[in-house]
Amino acid sequence: MNNNAYKENLISRRKEYPEKVFKGIFLLSALVSVLSVIAIIIFVFSKGLQPFFGEDAYSFLEFITGLKWDPGNDVYGVFYMIVGSLLATLGAIVLGVPIGLLTAVFIAELAPKELVAFIKPAIELLAGIPSVIYGAFGLGVIVPIINEISPTGQGESLLAVICVLTIMVLPTIISLSEASIRAVPKSYREASLGLGASKTQTIFKTVIPAARSGILTATVLGIGRAIGETMAVMMIAGNNIGGLPTSIWSKVRPLTTNIAMEMGYASGRHQDMLFATGVILFLFIMVINITLTKLTGKLGDKGRSK
Amino acid sequence: MSDIIKFSVSDLNLFYGNFQALKNINMKIAKEKITAFIGPSGCGKSTFIKTVNRMNDLIEGVRITGEITMDGVDIYKDMDAISLRTRVGMVFQQPNPFPMSIYDNVAYGPRIHGIRKKNVLDEIVEKSLRQAAIWDEVKDKLKKSALAVSGGQQQRICIARTLAIEPEVILMDEPTSALDPISTLKIEDLATELKQFYTIIIVTHNMQQAGRISDKTAFFLNGEVIEYGETEQIFNKPRNKKTEDYITGRFG
Amino acid sequence: MEKRKRNDRKLKDGILQGLIYLSAILTVTVLAVIIGFILYKGLPGINFDFLTRQWDDRTTFVNVERKAALTEKNDAAYVASLGITLALDNENIVISHIDKDSPVKAALNMKNQAYVLKKKDIITKAGDVKIEKMTAEEAAAVLNEGMGVVRIKIIRPGGGIVPMLVSTIYIILLSLIIAAPVGISSAIFLNEYAKRGRILRLIRFAIQNLAGIPSIIYGLFGMLVFVQIFKMQYSVLAGSLTLSIMLLPTIISTTEEALREIPPAYREASFGLGSTKLQTIRRIILPGALPGILVAIILSIGRIVGESAALIWTAGTVAQIPGALVGSEAGAATLTTKMYWLIKESADLSTASSIAVVLLVLIIVLNIASKLITRVFLTKKGMN
Amino acid sequence: MMKLRKVLVAVLTIAMIAALSGCGKQDNTTTDNEETTSSPEATATPGTEETADTTESPAQDLSGTITITGSTSVEKPLTAMIDEFMALNPDVTINYTGTGSSAGIADTLAGANDIGTSSRTLKSEEEVDGLKEVVFAYDGIAVAVNPANPITDISTEDLAKIFSGQITNWSEVGGNDASIVVVSREGASGTRDAFEELIKLEDAGGLLEDATVVEGNGNVQTSVAGNENAIGYVSFSFIDETVKSINVDGVEGTPENAKSGVYPLSRPFLFVYMEDKATPAVQAFIDFSLSEEGQGFVEENGGIRID
């Protein structure tokens, strides 16, 4: 009991130093994320805002409200792209959320175990497929189908984009909704069933409302994925150089594909303008993120008050 | 009182944020004796035991005033938490062996304190397990996971793990609350064995347990020490009405 | 009345249930169609050559010392002095057989270095004679003429995905070497050290933002900063650095989840034994979180394998095994970027689909691996 | 738990080793081309017996790296030439990245490459002192329609009207009664610049806003092949049987016609480089591209020889 001497001095001194060093390392690592975000914002914004300042500045108003993108003639308008991006995202969410939610209900509430063991990995696979493959699929399957049915006789269209994006947001929506449906306490279901509600009624009147915050989060994340998708969309959007979309058969040129199409080639102001398009895209993403933070914040509050 | 004083606590207050969990504690704890803390849930006894080896430091928002000395040294001012904890070991409410082999569990402490030699470690492990009265039960499965034995055995392995760092004091925070009666008895016997060498402080819900094994008992209520004295006296002739109510079961 | 109400309800229930089943069927069908499409288009193109060859054809001149002692064979397409047999394949003269003692095994390229000829190498010129558009027999006759050293122009056919496979592995390793330590350290800081407050909120906000930024923005950033400002050119390092930032949120949040699963009792016990925070992290927390960290790494690999927008403008689309980390020889196309390039530049959906089949197999393997790790971990945990 | 951890560590280690050794192996297969072996039979010295062929004998000891960026349309003939040139001069490495004509020229002006390639003539602001341009081939731009489209001939004026949106139905140019689907290339594509210039699209009002814009020659072909009513344009060297190339102003789009100038949609393929910075290797490569041997590759790959 008396060889405590080795502890006394050795420990406190020898251990203090690496403790501090490593805490510093961990903190620095955590700050890498912060620095990265700051760096991305600074570089993308400074290059993207450049054309709107200084001599022979391009009018920002013309940029943001413009309906034509023609770099060869120094015309840069992105309004029709913003509309295209928003419509494509909206379409994907309007289709994807109900389908995804109902599939989640199926997996969580109705499907027998053996089927779940098959469907869940399938959905995980769907989530893991590279977007280029979705693009190839859109180009090889969806576009030819729309070719046949479209009044314009052309497959590359808003509709094609919506179809592919819907498929791409499904895994996100399904897995998050499923998790939140499963998190609904069993007692809710029992209470509802005990009051004479049918299983379907229980699902739609009790379970889904109880899981709604999770479903909402899934939707917001789905919006994020849809608005940011690039390569798959680029192959099937049509990417017209101007004009607002008038129907689902119209071509669109989402913000992302505008950047990706010309980035390899562009130089000078043209390149700056692509960064400016990136700035607009970034702002949209920021809005989505802040919504998400607010949403999860509220979610947390609700959890606490329970 | 011929006891040697191990700990001396004076004017100790502890706050979780705005909530005061311990109020003005003054107490002297004797060396190589068993001191029991009793009281209803939330009375502060567990909080108090954790101030003795500064485990409360790990919780955010805790503020402590007052003084605790061990062998006359202020444990908050003149000692760092790490070396304090190597001298004041702790056994927790739930048996919490690490997810490693029995051997590695017991050897964990010595290893982090820099002992690497296999034969020294072997010796410490065997000695600690013997002291914890579990050597015979596990000597053939030292390489097996510590999670694969019964709860009572796990708790004794945890005690052995504590003994392996050769502390002067062992804190036991309701060490038997998760165990069956037979395992409980074994731990109690063990505690009485160990007090020859160690100062033991035990928090317990079980009053019979306090009566059976402790030399001194403190009764906590709402963060205050209501009564502190020889166990015999507390149980047989409590001076305070609240103590009497609690001990006779009219309360809590 | 009652009955009608009940019937109404039944009808409603039926419709809703029908919708549920329909959605589930739709989801699974879509997956089946996608995979079916890829397999249908891509499987025919998958063969041994596709998996083992270089991408580009490679032209080389070699000098071969002809044998003096001839072994005659009763085959007009056999070149006795070189010990090889020729054949016509797709209008090309190819080597169909090489004798054991053939001098082409000691062929030298123009740098005087060994360039061993292989089966299926195409011969287009012998000495000054072009032997394209000849029959195998005519070509053999040309090659058999003369003595001593002959210079042959060889095309080693490409069409394989080896360079992309290697580039993909390089980028995976490089990205993880950069991102994993940073990500895991961040998670440790957030879960073990950080106190609630402004810094923590800031870090979390930043991570959430990183997770939301579309990969095309990462591509813009990487091209501007790494490729142009740091003058790395299209290179594996520029690509990996870009991806590392992109991977951080995945690694951090998955690792953090694993750290959170470690029972606080382990930490308490460890501290109670007088270990420092660092010792506790090293000996208790990290080993316990290892499966979660592995899952994080697998998820990251999945993202790297599937990424295109962030890589095309940082690592380029050249099908070569990168010879350096930065600079003009460091450009590297991964499987996915090459697949995109194929569709874009040569409208070659079949070869693109063949690459997609390889990608699908990779993704499936990764999914299974992460499943296995989680499952093993869960059953083990069930013990306590 | 214990075991699990060990297993995981083992698996991870094995995976890492496998991955590493995997790359190692790949490296070997590529580098063993370059490896020197001291085989006793390897006594032959190059060029001792076969010096007759002057065009391909590596007379000078050229070495170094040449970076080429620019037009993607030149890819096929260019990579064929690079392949041959590197085979003849093993110490020279040539890297070509297709970035588009404008970027290629800009890179040359900025000193970011050794040679820029362009598939259009230089704009006046790009003509700088010291910048040398060399035409190494001509290319025709084929007008591609779907094979199911009965149309066989179109005038440049009609092309301009179609691409500017003044003509929207095939019946106006003698085809079926169906609306025309216009497929064009992304901005900054040399092919697009050249095409628009050759049909004087600017005078007709510029590209139709609603035209489908796709990236790359390949995507144009996919779009046209996939749509009966589509019209697009691709470089001669890319055209394949999935689409139909139609006559322009009554002239068939053949290399001969383009070379003789009868075919209206032809353009030069250019090398641009800074004369004072050109290394011997750069000069040698450009000479090689203009030689009989180099021009052979131009012809083989759908391009048109300069002579």
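Order of writing sets the labels: A, B, C and D. Residues in every chain begin at 1.
By our rule, a residue touches a chain if its C-beta (ideal position, glycine included) is under 8 Å from a C-beta of that chain, and two chains touch if they have at least 3 such contacts.
Owing to the predicted nature of the structure, the values given are computational and were not obtained by experimental measurement.
> Can you name the chain that lies farthest from subunit A, using the mean of each chain's Cα atoms as its centre?
Ranked by distance of C-alpha centres from subunit A, the top chain is B.
> Taking each chain's centre as the average of its Cα atoms, which is closest to the average over all protein Cα atoms shown?
So the chain sitting closest to the middle is C.
> Averaging only over C-alpha atoms, locate the centres of subunit B and subunit C and give their separation in whole Å.
Whole-Å distance between the two chain centres: 56.
> If you average the CA atoms of subunit B and of subunit D, how far apart do the two points sit, in angstrom?
Chain centres of subunit B and subunit D, defined by C-alpha means, are spaced 79 Å apart.
> Could you work out how far the Cα centre of subunit A sits from that of subunit B, in whole Å?
Computed value for the inter-centroid distance: 52 Å.
> Which integer distance in Å separates the CA centroid of subunit A from that of subunit D?
36
> Could you list which residues of subunit A touch at least two other chains?
If we look for residues of subunit A contacting two or more partner chains, we find 7, 11, 15, 139, 235, 260, 264.
> So which stretches of subunit B touch two or more other chains?
82-83, 86-87, 99, 113, 145, 147
> Counting only residues that touch at least two other chains, what does the list for subunit C look like?
Subunit C, residues with two or more chain partners: 274, 276, 279, 343, 349, 380, 383.
> Would you mind writing out the residues of subunit B in touch with subunit C in their complex?
53, 55, 58, 60, 82-87, 89-90, 92, 94, 96-99, 108-109, 111-113, 145, 147-148, 158, 161-162, 165
> Subunit B touches which residues of subunit C in the complex?
For this pair, the touching residues of subunit C are 195-196, 263, 265-276, 279, 283-284, 288, 380, 383-384.
> For a test of understanding, state which residues of subunit D touch subunit C in their complex under the given definition.
1, 4-5, 7-9, 12, 19-20, 22-23, 26-27, 29-30, 32-37, 39, 41-46, 48-50, 52-53, 56, 58, 65, 67, 72, 75, 79, 83-84, 86-91, 93, 95, 97-98, 215-219, 221-222, 225, 238, 240, 242
> Sort out for me which residues of subunit C touch subunit A in the complex.
9, 12-13, 16-17, 19-24, 26-28, 30-31, 33-34, 37-38, 41, 181-183, 185-186, 188-190, 192-194, 202-203, 205-210, 212-221, 223-225, 245, 248-249, 252, 274, 276-279, 302, 305-309, 312-313, 336, 339-340, 343, 349, 352-353, 356, 359-360, 363-364, 366-367, 371
> Within the complex, which stretch of subunit D touches subunit A?
Those residues of subunit D that touch subunit A are 99-100, 102-103, 106, 178-179, 181, 184, 186-189, 193, 196, 206-207, 209-215, 219, 222-223, 226-230.
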